[in-house]
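Each of the next two complexes has subunit A plus one more chain, namely subunit B in the first and subunit C in the second.
And then the complex of A and B:
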């Protein structure tokens, strides 16, 4: 993974002058640097163009839309008419759970509207994120430590571990739906009669179990990459100094694997914050398993502009979490871990 | 210097990008829906028919037949996925883009009002009028919005009450009768009744049926919510009471159509509310334990047959179509007796023409037709409203809580009422 060609390789020429440092300093150098800089910029232009079209434009459009009212019905004609500018009301309505009142103005969203679900969906999203990422980190670490050892059939184990991750999430969700059905294998195996998708905590655990099953391998692989970069001599030296297995783990493995680990956790966290397919297929969002992404999709069918506001809020939440990770927890994604993969589910 | 050199190309690229994407996305809004509805009325030429996945190969042979007869007005078939939600979103995207390539689209009965209110469907009046006198009235109602027909009923569907002939001597006509027969289920140690009570579209179908069958209505004739009535309360209470006292087994809140069919086929239920498709599977699948004892009757109501929710599809013409004269002819072709018969025999799709339900040949092939006719004749379309997505969520959310006993029936209905009011209040 560490050799994967990431975006940085495209940027490399932009950092300019490095290759000409060996040349004797002369009059032409300033000129040459300027020419190279311009050349690099033109080389970069197509990338910028592509990024603007596929990333900047949709984001800006979404933000613009989020300041528009959704179309309302003209009672006379029975046709929808454009809503006009909304100011911050879409955002305000989500955050304070306000819904339009029949008499004009707004009221607290009654249960049964999407607006009433904003904070519970936010809570659910973070609950899923924290629990699944914690479980996946522990299990993934354990799997990585096993895979890092040299033993017969190691490649087979590594390949086998990857299988759950390689299955599309929607398929995974369908598989677990059968397992968690009332007459499914889950209940048959343990001789229980749990309504896995029909009551609150079992439904949450069903989502968590399926998600952990699916994405632990991803975590394990990223951590494995980190483990393999630790030179064996360090462990040998520690052994000679009489360090116990626990001390070696705590003083050597953990600090040295930390950069890789933080990146792995960051990717999984961002992934988990936008969890959609698993709960959508497993429970349909019932029993408090509605995540923010599910809420966005449901809202899209009821009004694009409010949905744009909600996805902007989600975007900001995820961006803040990523910022905290990079800024305060030292997840260094760009400089050291260029090839750590692309958090793709 | 270096910075400025660097910025120039990048800025050029950026501006270019914004301009490019603006061209792609905006599209200008030159023709609004109402203008478009008066254009292309006489247009003839090739058209496209858009429909969800053609599982039983009905559409292609029909289109071949049409094309053979109309070499200059050929129909191309655009097949969508088999997921209703994705079909809906695909149609919305193409209508929003004013795509003239989506001439005729197959529209689920619950989307008609939404699409019509958005101004995307061609009203079928004046020059475009269609003769609906031979069609079952509920199918025509479901294809109309504010008294105007917007689509041609294409296929229909209604709920049927399946029961165990070996255990139930005479099928129940009313809900109370059915509940009184639950003692039979108890002595045989099986569940009494189930429909689809998972929180999804099927719950809207079942909850509306309960409310409509008890004489209530989700929406009044003006499209306003009308749930604070004694009838609506009685209907909802039928469900919640049956779930609380075990007449509906507790696992039923995880049931969609397939799970409930499976439970019935495994001999674990006395009564099952489901769609006609169950008939074929329950009588032919090797594992079915009810093969020889499958009974069918109309859904139970208050004093007689209950009010089924209506399923099915209608064919609508996009206002952006350029060849509307051809499109109307194609709609008429889809609703001829011959085509409708082909739908029924080839695809087991319930016809929209009343007389086909008494057709001996058809009834021999699809024995559920007489029961289905009663069901569809008494059917009430699911709430016809342009805010259907919000209305169905409001029903699902609150009916689910009520059935599970987390809310009283009164609270659930009042929350449903308020949610629907809020959804239709606009902003």
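And then the complex of A and C:
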């Protein structure tokens, strides 16, 4: 991978990406890594710096904010209350759905207020995530298997799956809002009279269908890329050995495509957990389609610090899910990324 | 006739039957593939087609259900750009173009160095850096929005372009770094060495050999970066003003003449305008785009 040390490369000036050394071999190896390390540090510095400014700084600020009281009018006295250290009260209030009481202390948040929606929003978020990712995995796998076959018009299909992916989510949401309108094509096609965005389950299914339509292609393409890494000879050998189609799928396709599949599922899961655009535009979060992200956005204008606590909780939830995936389900994103499998190609 | 010949005939018939059955199976498998392909085509294209057909349909026939274009008109496109109901679609198009271009350029310029280091150099903490960048790309936007909302309010940046560009970089930059890293890893870097052996200077080797090879990778990454910036909604919906809002926000809040009647045909026209350039771009560079999309996952 790195430049070979040899007489042919003596001309390479030190400004190259892979500097040259003439030290004895053992020392040279260490030296080279050290020099490359210095280079890497310089090259990575702008990215690390930029990400620190746009991500790390806001995160730390959010965590600091989440331990502060929101300044505002006291509901009981009507007087302005100064903010101040809040300890864990913002977190406590969300998790136990408590709101400040007129008499001091806290009471259960009345139904309909943002404070009373934490668990329903968490439930909705996980429900959307599990259902959409499951549907996308199954559909995506099926699409990938079809696209991996040789048939006339295959390139047409491969191009077509990119269309839903290329349409911005905001447009997708409006498009499906139109399809699911009371007089829209959805009801006409299935001869139903469902008020799709008007009650809980139709609204949820509207969001799920639109999300599956938009993101299955991504899943299918990732799985297809995994399928194409499997050499055809493996299937030939299995066929000769008399393995049935189902056996070939279960014993060859599934295990060999698993690394790519796990990464695809991980990406999609983390994406679904932060779902915002689609339900926000399609249903406005009404009828129990409020996700955690929507709840944070609704909270921002009612109090930054409480919103910061909720966004930190959302972040922790997503982090934990990612951790579980990487640690226990073997979705090794970094290893895939660093090309540990380079020799395989 | 002898028993031997009849046995031979029977054997041949048997073989024929076997071949026919195999052919039938093959045919059946083929037709199943075609049926599946047709279903995929319909599922992916029908809703998009419906958007385009509706965009060209007279507003009085919004809910017309005929498959083919009927009551064709261009009025909806005029309505989409009409500002008399408080919509700013034309301005929003320019805003999205501007924000997307700046975000893409900044991310590419910063990210290309990092990608080179990650793909070509050996150093300690490489996995840590990669993990950090991948983690950054998976970051929930809402975790950024609260502190940024307060910060930008305090320093008077609400509704400015920089308030939209800076958060966008936070998720476009990781994307560009890891896409380019995978592309760079696949490049034949030995050629750089050969060019130097043949008497090129480092600069010439870079300009004449590496640049032409890296250009398609960088271009593809630029398209992916631009698309993801173009699609951004969450941050923009909170931090933009009427003057700086991008198209996603403009379409989401598109208002009609009557407050309780959604102007679907005009929205579909706006959606078509926003989508068509992207779809063309994606279809033209299909192979590269797919390679870029899947780069992080399988290579």
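Convention: the second predicted complex is superposed on the first by the 285 of 345 C-alpha atoms of A that agree within 3 Å, B and C clash if a C-alpha of one lies under 4 Å from a C-alpha of the other, contacts with A are read in each partner's own complex, and residues count from 1 in each chain.
One rule holds for everything that comes next: contacts are C-beta pairs under 8 Å (C-beta built on N, C-alpha and C of every residue); 3 or more make two chains touch, one makes a residue touch a chain.
As the structure is a computational prediction, the values presented were derived from the model and not from experiment.
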With the two structures laid over each other on chain A, which partner does A:48 touch: subunit B (first), subunit C (second), both, or neither?
both
If you count the residues of subunit A that each partner touches, which comes out higher, subunit B or subunit C?
C
Using the touch definition from the top, say if A:61 reaches subunit B (first), subunit C (second), both or neither.
both
Quick one: classify A:83 as touching subunit B (first), subunit C (second), both or neither.
first
What is the contact status of A:164 with respect to subunit B (first) and subunit C (second): first, second, both, or neither?
second
Between subunit B and subunit C, whom does A:37 touch in the aligned arrangement: first, second, both, or neither?
both
Please indicate which partner A:69 is in contact with in the superposed arrangement: first for subunit B, second for subunit C, both, or neither.
first
Pick one for A:113: touches subunit B only (first), subunit C only (second), both, or neither.
first
First (subunit B), second (subunit C), both or neither: which does A:138 touch?
neither
With both complexes overlaid on chain A, does A:181 touch subunit B (first), subunit C (second), both or neither?
both
Residues on subunit A touched by both subunit B and subunit C 33, 37, 40-42, 44, 46, 48, 53, 57, 61, 181, 183, 300
Subunit C residues touching subunit A - in the complex, by the definition given at the top
30, 33-34, 36-37, 40-41, 43-45, 47-48, 50-51, 54, 63, 65, 110-111, 113-114, 116-118, 120-124, 126-127, 129-136, 138-151, 166-167, 169-170, 173-174, 177-178, 181-182, 185, 193, 196-197, 202, 227, 230-231, 233-234, 237-238, 247-249, 251-252, 254, 262, 264, 267-268, 271, 274-275, 278-279, 281-283, 286, 289-290, 293-294, 296-299
Touching residues of subunit B toward subunit A in the complex: what are they?
1-2, 5-10, 12-14, 16-18, 20-21, 25, 33-34, 85, 88-89, 116-119, 145-146, 198-200, 250-251, 253-254, 259, 262-263, 266, 386-387, 389-390, 393-395, 397-398, 400-401, 404, 415-416, 418-419, 421-427
Could you please specify the touching residues of subunit A with respect to subunit B in the complex?
33-34, 37-38, 40-42, 44-46, 48-49, 52-53, 56-57, 61, 69-73, 78-80, 83, 86, 89, 99-102, 104, 107, 109-114, 181-183, 193, 195-199, 283-286, 298, 300-302, 306
Using the touch rule from the top, collect the residues of subunit A that touch subunit C in their complex.
1-4, 8-9, 11-13, 15-18, 32-33, 36-37, 39-44, 46-48, 50-51, 53-55, 57-59, 61-62, 65, 142-143, 146-147, 149, 151, 153-154, 156-171, 173-179, 181, 183-185, 188, 213, 217-218, 221-222, 224-226, 229, 259-260, 263-264, 267, 270-271, 273-274, 276-277, 280-281, 292-293, 296-297, 300, 304, 307-308, 311-312, 314-315, 318, 322, 333-334, 336-339, 341-342, 345
